[in-house]
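Paired with chain B in one complex and with chain C in the other, chain A is shared by the two complexes that follow.
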Partner chain A sequence: MPTVTLSDALLDELVQICGEEHVFAGAAARFNRARVPSPFPVHRWDEFVPDAVVLPTSAEQISEVVKLANRERVPVVPRAGGTGLTDGAVPLRHGIMVDVKLMNRILELDLEDRTVTVQPGINMLKLSEELKPHGFIYPDNPASYPCSLVGGRIGTSGWSLIGGRYGHTRDLVISFELVLPTGEIVRVGDGGGPKVRKSSSGYQLKHLFMGHQGTLGIVTEATLELVKRPEAEFSAFYAYPSYLDAWRATGDFARSGAATLAGVVLFDEWKLAYLRRDDEAYIPQPESVKAVVALALYGNDDEVRASAKRMLRLGKASGGTYLGDEISQGDWASRHDRYATPLHGRTRDGQVVPMSWHCEDASILYSQLPAVREKWHAIAAGLRERFDMFDDWGMFAYTNGAFKPWGDYLTEIDIGIWEMQWDDESWAAWVDAKREIARVALEHGGSISACHGSCREGEVDLVPEELGGGFEVMKAVKRALDPNNVMNPGKYLLDRAYEEDAP
Partner chain B sequence: MIGFRLAAQRPPDPERITDTVVMRFEHIYEVDPNLMTEHTPQQSFPAWDTLRIVDSRWEHLAWMHDHFADSVVSGEELLREIEGEEGEEA
Partner chain C sequence: MATREVGSEGGDGALTEQFVAEWRNAAYNCYSSGHKFCREVCPVMQVTRDEAHTPTAFHANVVAMEQGHLSIEDVARDYVHCTQCGACELRCPNTLFTGDFYRFRTRTVDLVKAVRALAVESGVHQPGWQRWNELTDERKNEPVLNGTPVSQEHVADWADGLGLPVGGETVLFCDCEAAFYRTSLPRAVARILQAAGVEFGLMREQWCCGGPAAEMGYVDQARRFAEHNVADWRAVGAKRILVLDPHDYISFTEDYPRFFGDDYDFEIVLVVELVAELLREGKLTLSAPVDRVATYHDACRLNKRKGIYEAPREILRAIPGLTFKDVDHVTQWSYCSGAGAGLSIERPDLTAEISRRRVERAKRLEVDTLVSACVWSERPLSEQGESQDVEVVDLMELVAQAAGLEL
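And now, the complex of A and B:
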């Protein structure tokens, strides 16, 4: 597709729609919105810069921008917090970036039916601060809690650290308004009625318009679940002498049946080795500590205390060593904000280098975790052997199912990347490695992504294989709703929807 | 380094903890300076600033907990209760 450059006349029209102070065509505004924190070919930055950035303040403005984009056949890319780890908000074809950050207001707080209606630019941490005086929280809790926004949570269909107890984004968003790729404004939910949690009326459109990475429209308002603020939190970290011991204990905790259980996390041996380099909680641990399991409970004080005792007994019975309150409480709190992670790694000779963090995620069945872990680490080792710019930072597996957290796990391998070293050869090797990582997930009956989405270079090649006939449906939906392919084009191989023999 | 309270400015000499880690203050670890020579040279840091950062981290974590619940239950306390209950049963 040719590079788009916007004419002055088109820029003028954007100014008429959004107001002069909300349209940016300068280099800083555009270059800063080119990338997200997932690995980015910094040596090819120019290829991903939007032509203009708009910060609208209403659904009507967004609708007008989208209609203009259709008329002029210019790509439109929605962006919220810009923390996505699958390149969703990266403008692959330039065009107009619609940044929703100024739409950050609470529109209605309904304490009776327990909903809060917000604009898409609000952040969950700020929202929960507003809800606290009323005794509520909004428990969508990614490790990017302080910086990702409601619009991006819907765009990615995100995963929450405490989803085992409270559900993930899809369970917590009741309904939302969005601007379709042709500019119409619609509201979708489980059925009709913006506050209805369960309906059997018509298609369940809420799910169709979630996790599409901005390829099917732009969310402009969302009605969210209000949850009673927990009286108590309990977190416990246990050390184990081997990965397999820790894996078995993870299964025991997750299947304990405790209703207060919000999540269980398994840290593997590579993760422990990584933490032993730089993390004050793990440096003093004896060599016999090879793997760690963490768990968290939330709810009413009496319920949390009773189930905490059950967990502490399970921990002992599984051969674990309680690591103490300081680590248990401190490390759990730090999980809500992983930007605090030290962003440096080591070259092969041990020297410290600045690295960015990359997290490759998949949904993996409990039974498959040990095997997947070995294959993924072998792929990372191959990369590090060839290029002294990759560093294996170990793996986590987090309970993944909402309310029934025992079947599959959000499984991630964290890889440090010295991004200033990128060149075409290392980038190509990285893309191949990502494809291999995704291939392993599929071979073991998993899904390429549990929370970030799977539209990055490499892994995206396997999406048609993962979804089978479902990918044909995706293409048909895309072509029907976005006839001119203006909404975030180039993502999810959806250009194929416009090829001649497409459905 | 300029400063009239030298102890507040100059960190104590490091003690080796592991092959790659040293420690200057109780429970505050640092990467071995020999590993920070080529690509990311270590900066000198006044002692008070290190302590301030570490202290404010606890404040940050407490603030974060407060976003999710009214109180945090202690595992150590519960373990003592469990031991007591087991003692009574025996």
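And now, the complex of A and C:
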């Protein structure tokens, strides 16, 4: 893997572009921008450290940095929150890290056409705090809602916990400006006007520049949907005696046709066992509880009341046991924090050890959920048997489609990893396991990733298979837009675009 | 900042090794979480947006030091960027969801103090802090007057004409900033206590509490100051110490017990809580209307570090004529004045910006007054309040006014 070391002259140029106080070459600044929360080979930390970090304050500065990188053939790695779960912001080839956190202003609030235009470094919770006095929210609501940033949401094409009702990132971002891999600044969206939600004019470029994990450019501004603050929220948690009972109930809720339905979540037996380790909501649940289904509704008061009645009827008919208002409201309210706690990690003999939460996600068809679940748990069991640093933290399945939440599910197996134990052997076994997990998803007609992206070691090997001819198009696009392969190189097997026989 | 640095392995290896051994488990707990929910509530990070200034980095550095990637020289400057307000600890999912079962709390503030202490012990000094602590050591009180020397001769000048005795079972400890700079605060406190019939005296020789030295890493000095003050309390027969500043309250309830163990048997009473009690018991009556529209700035060390947020609100609601526009204490986890833990000495630009944003939030509520219960916050907030037309007053000053007391 080529190692780039920046010359002092190049550093000086970065300082000229971004200003002395926004260029960092010290060790601490660089080591703290190497990793993201996905599993990180901490024993090889120094392999993933950028050579320099810049915190630009404008699109023009980013454009200049990218042009400089092309001239010098130095990698550029964009970083927003650094909270992604697929290594998009990890500098695989060192180079210049463009950290956009300082670009976090609200540029325009248009209450008439209901848009808000922001810089990429703003956090969604902070944005919604600013929108609250006006009666609006920006409902892009991932597990990382309190810390992830708009730029990263676009770069990863994120998924929202309430996307069934309000849409996911791709539905909520109307248009955005970005710096292309060669330094030009362009705006893409659903149409020509930055606030237009639907257009048939030209290629639909918005989707191309979402979810590329920083390989096709750096977002510098985005125009987002404003949504009226919901008058009412209703959430309900039901317990079931078996996974299959809960799976059938999940289907019933998801197919109910209620427009207020924001999401249905299915917790399996392993997940409950994990929560029973300390969560006060689950410790008292009897052993007969083997699965849980949660659902949430948002909207106008009259609509939510009517659909809540429908859901309560469905819950009763499905044989579910309502877990009470406290769990239903409290657990839903704490959904961002609750389900990933390092101290829930256990070795095989029950010792508490701090484990990272790793969520391996895929899009799985409803009909395939029971079969996929069994295969994934078997893979996790194999890992745990060989290395006493992995722990199966159970599975969730969330309704996946925006506005039509019934066909496929964001399905995740959460694996606890005691990361201080990494060595080359356990890392290799982990990479193999991820490839196997992805293989199962494809065998059952799914997609390797519903929301994280699929460019990590292991699973990425199967991306050409998943996309087929589409991967050839990806390579052609990459080479056309990034002729020098400077934009986040090493991701998504895109180095293949530069091989001699590439299209 | 664009100087090139190589990850140096210098410094005192044994000190770093000892530090890492003590902090590695805490660091793993944060490293393993990876949530970073702490980030957007951090008052410093909200301004600098620099990932190296986050609690996540503060913990990850320990792991990197253990692996030999970073040294204390590499990281010491980053740890300046913390007001020790405690917001990150509260917003940490590890604290929120494992506190009860595992008796766990993320301790970022203690970690920051420990790293600063390691830096000082390793000979890595921040110039402003070094000077501040030298001057404090020389004068026995903090050099709060920007060049004008403070001294023991004048430490009780604020009490002129109040007729306060020295010593007694109950002693009022007057913070340096209050004794030399915002003297209206201790005068208000003294008048209120006198009006309510609380008997108290002053120390013979009151030195700085030592807390700022501890916060900046000068632990030996902090301990020497603590020893002096405790000796003075014992010499005058004090059993109960009244505290009017949240920073002192942290020193006396956290640092001093660590220094002295079981021998430390003083009752530490926060004046704000005492005044709330006096009002409740009818020993203090507020009858002079205060014609202001005010909001309350939750002092970080009360709200976030000690969970004290009700007493100040109870007092504000008891003030006649006052229109009180409250912002709940959880929302205020992400608020701060930026004055704490020496930030204002090394990065006055950041303190000013943090204060500017705090005053701006108050301004949006259409108030004319921002009430604080932390004297250290009041100087930077007042400076920003002047340009935004918001007056910053101490809660006790307001109480004195409502009680019809002359200062």
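We take it that the second predicted complex is superposed on the first by the 494 of 503 C-alpha atoms of A that agree within 3 Å, B and C clash if a C-alpha of one lies under 4 Å from a C-alpha of the other, contacts with A are read in each partner's own complex, and residues count from 1 in each chain.
Convention: a residue touches a chain if its C-beta (ideal position, glycine included) is under 8 Å from a C-beta of that chain, and two chains touch if they have at least 3 such contacts.
All values derive from a computational prediction rather than experimental measurement.
Contact with chain C, but none with chain B, is seen for A:Leu55 once the two complexes are overlaid on the shared chain.
By the touch criterion stated above, A:Asp46 is placed in contact with chain C alone, chain B being left untouched.
By the touch criterion defined above, A:Lys309 reaches chain B but does not reach chain C. In the overlay built on the shared chain, the residue A:Val15 is in contact with chain C alone; chain B does not reach it.
Using the contact criterion defined above for the overlaid structures, shared-chain residue A:Leu343 touches chain C, although it does not reach chain B. Of the two partner chains placed around the shared chain by superposition, chain B and chain C are both touched by A:Asp278. When the shared chain is aligned, chain B and chain C each come close enough to touch A:Val352. Judged by the touch definition given at the top, the superposed model places A:Gln329 against chain B, while chain C stays out of reach. In the superposed model, A:Leu125 lies in contact with both chain B and chain C. The residues of chain A shared by its contacts with chain B and with chain C are 125, 278, 280, 334, 336-337, 352, 354.
Within the complex formed with chain C, the chain A residues making contact are 8, 11, 14-15, 20-21, 23-29, 31-33, 35-37, 42-43, 45-46, 55, 81-83, 99, 101-102, 104, 121, 123, 125-126, 144, 146-147, 278-280, 334, 336-338, 340-343, 345, 352, 354-357, 419-420.
On the chain B side of its complex with chain A, the touching residues are 17-18, 20-21, 27-29, 31, 35-40, 58, 61-62, 64-65, 67-76, 78-79, 81-82. Contact residues on chain C toward chain A in their complex (touch as defined above): 1-7, 25, 28-29, 31-37, 39-40, 49-52, 54, 56-57, 60-61, 63-64, 67, 69-70, 74-75, 78, 91, 93-94, 96-98, 100-102, 104. On the side of chain A, the complex with chain B involves touching residues 125, 128-129, 132, 137, 139, 141, 145, 162, 229-236, 276-278, 280, 283-284, 298, 301, 304-305, 308-309, 312-313, 322, 324-325, 328-330, 333-334, 336-337, 344, 346-347, 350-354.
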